[in-house]
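As written, the chain order gives the labels A, B and C, with residue 1 at the start of each chain.
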């Protein structure tokens, strides 16, 4: 053996040990994957992520199934389920918005909440700023750049707004929340509709992009003078300023249970593909307290879901019934009965 | 010497003094540059150490990550550590033999033309951005078969390959032909000589290359983003599923609004840097040791 | 790249012997591995081109300078991202190079014996810090400092230049430039240091003996001698900056337009790929993203080959001048 034979021997021994260990790990991992058949994996919308994550514990104890969710954004979720990489995809935008989309999926509206327009001007008297859709659109179009602009000041008489620049924050990844927000802006601003349009990812005229709802909340929370849009849970959880939006009936409404519930009354019968639109309800006594940027969020499942279909159905049936009771604490409004009925029929379409 | 130095109106003494002043100024500039580098490094390391140390605990290393959990619930990043361990381990198993074989071919068998072609290829491969490699593996494996730890390991192996191959070539070249001739003279066949005589001489260098490659690749986020990012919660060892990893967790925690998430990102960064530091020191020790051995063997 | 006495493998002491099966086996297996490396690079190029094909056929070459990223109207172009890539990497190179050369000089000429080792180790440690850690630090430590103190100061002092416009974003092009500078600094510095150490002492002593000050010696001997290598180091650093995705994605703020203001958010080719990793809304968008990867691939290969060419040319020149 050559001079450094000792090192050679040690290396070979280590390599052999490493190989054996690796094989053991791989086999153990593969074995455990086979035996833990009680697991359902999903990915997608960060809008619904707080609620789905909340479900993980109760689902484990009530159904013995390990629920697992990756918040990668609505587009990521639809991509994942289209490529059959997960058991379900979650998206706040209907499947028709995506291309390629999951043509072999059922779309099931499983939660209901609002998109809050958030901002950071410290606390105090500047909480609950009043805002209209058209002014919001102008801010996001880059036409209004300072907080003390006359348009904003006019809506908030009596409050002294600072002269700081408005730092616009939006999503950089494909997002159902973006879809909901741009849907609303297109309804209230023809300039937005023609220049930018509606989508899960758009060409933003101004502002910085952050990934995921958490990213937007994080950027607004750490930047004085910032404005953003995010599922209302993140806004409340991170103590961010939430704008009070003027609806078409002329009332200023907060994104809370009452406002969302009123908006949900606009459309309680899902279309054939399962989608519902409750954005910007018209002027009417019925919708006078509606929050104009409310939205349903969907779970998409492959109709033929293989061996895990039974578990998926169990989890979904639980989610649209018992799971809804976990919603209000996270500012999700329970599904209307008609939607639950529709959902049950959709879930029945899933087979192995 | 520039024209200014030939300014004959300047007295020689003044000219000399001016040149000395310029020299001094440049020396100070160089000192300043070095001080700047040390300062930046110090600030970065200090930030990581200070912010990460407070979160570092046994729980952090052993408990899995929980999303949206209330602050009093103990959680850590065990899933990420396990994931990185598995992925980097598999990557090393893939890249090491491949790289060594390439180095053996280039140095022991190849003609000059092939040697140039292969080394050029390795250099080109080393220069491809990690994100492009990630996209490549995405197109190659993930689109058809979904994400997995194997895909992540493959992507990292592609990054490691040029490093392992190049450092092995460098050490193989150092082994003198007299050693090969000696084995030849005793009647050993070529393959026996290469594997049994030449290669063992280079073990130190090979290990150095391997450890440096591991250090480089343990912190790579970009390829894993595209290829192994849908990791399930809880601690998983199975490479046929997507696995979490430490750099990816840092990347995701960085954008969060929760200070607790930031703290965990810092702690993970601290662990990562300590690991890389340990691995680099090991590599350096192996390198000096191997150089000494070869010097001894060739006396 | 060391100059080693390398004999052609076919002139090694082995040729002419009887060929054994074991020899053939080893040569075959090793040869396959070497071939595999070539195949791998080819495969990478092919996969990327194939992925970009839809976008190439839709937009053609004008994609490269077209400024758009509009999934709603299915209009895509690399223009603004290419702009961001070029601006950030060139700026980082311009700032990092003098500092890196200064460090290289310090470590090869000026540092006292005792400091040389530790500071070299420190510079190499800086190179070893993963990009995600630098990005984390840039986002949580550097960006707030720049946003609250440095950017407004620069704006009020130099605001008449469009580069230093209004500053309100923490994540912006300027932060990305600083982060990239920190990342490529150690690469250029350590290569420069090795090059400066490689200058033959007799040349340096000759200049000093003629009465040159140390700076004059450096300027007159060291720099010209290492010119090619330093240029190659700069190019390698530049290549690194172009391909950096993660650290930039964390601090550049993701804006898909073109703006002259350094304090506005921006984007680069690599960072955008990292930000869209979860998926894209249309196949044309995905293909356009692959087109970005293709541009980066071409860039990196060209940069690499160019650096090699410069090294080879300067080595030849030095060989002749001896």
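FYI, a contact is a pair of C-beta atoms (placed from the backbone, for glycine too) under 8 Å apart; a residue touches a chain by one contact, two chains touch by 3 or more.
Predicted, not measured: the structure shown is a model, and the values here were computed from it.
*Asks:* Show me the overlap between the contact partners of subunit A and those of subunit C.
*Replies:* Under the touch definition, subunit A and subunit C have B as mutual neighbours.
*Asks:* If I average the CA coordinates per chain, which chain comes out farthest from subunit C?
*Replies:* So the farthest one, by centre of C-alpha atoms, is A.
*Asks:* Quick check: how many Å separate the C-alpha centres of subunit A and subunit B?
*Replies:* Centres of subunit A and subunit B (C-alpha means) sit 37 Å apart.
*Asks:* How many Å are there between the centre of subunit B and the centre of subunit C, using C-alpha atoms for each centre?
*Replies:* Computed value for the inter-centroid distance: 16 Å.
*Asks:* Please set out, as single numbers or ranges, the residues of subunit B touching at least two other chains.
*Replies:* 229, 255
*Asks:* List, in ascending order, every residue of subunit A touching at least 2 other chains.
*Replies:* 72, 80, 210-211, 219, 222
*Asks:* Can you list the residues of subunit C that touch 2 or more other chains?
*Replies:* Counting only residues that touch two or more other chains, subunit C contributes 278.
*Asks:* In the complex formed with subunit A, which residues of subunit B make contact?
*Replies:* So the residues of subunit B in touch with subunit A come to 67-68, 86, 89-90, 93, 143, 146-147, 197, 200-201, 203-204, 207, 229-234, 236-241, 255-258, 289-290, 293, 296-297.
*Asks:* So in the complex, the part of subunit C that touches subunit A is made up of which residues?
*Replies:* So the residues of subunit C in touch with subunit A come to 68-73, 75, 144, 147, 166, 168-172, 253-257, 265, 275-276, 278-283, 285.
*Asks:* Quick check: in the complex, which residue numbers of subunit B touch subunit C?
*Replies:* Of all residues in subunit B, those touching subunit C are 1, 19-20, 22-23, 26-27, 29-34, 36-38, 40-41, 43-44, 47-48, 98, 101-102, 104-112, 114-115, 117-118, 120-133, 135-136, 139-140, 158, 161, 165, 170, 173-174, 177, 180-181, 184, 189-195, 215-216, 218-222, 225-226, 229, 247, 250-251, 254-255, 262, 265-266, 269, 272-273, 276-277, 280.
*Asks:* Residues of subunit A touching subunit C in their complex?
*Replies:* Result: residues 72-73, 75-76, 78-80, 97-100, 164-165, 167, 172-174, 196-211, 219, 222-223, 225 of subunit A touch subunit C.
*Asks:* Could you list, by residue number, the parts of subunit C that touch subunit B in their complex?
*Replies:* Residues of subunit C touching subunit B: 2, 4, 6-10, 12-14, 17, 20, 22-23, 25-27, 29-34, 36-38, 40-41, 43-44, 47-48, 50-51, 98-103, 105-107, 109-111, 119, 122-126, 128-137, 139-141, 182, 185-186, 189, 213-216, 218, 220, 236, 239, 242-246, 250, 270, 273-274, 277-278, 289-290, 293, 296-297, 300-301, 303-305, 308.
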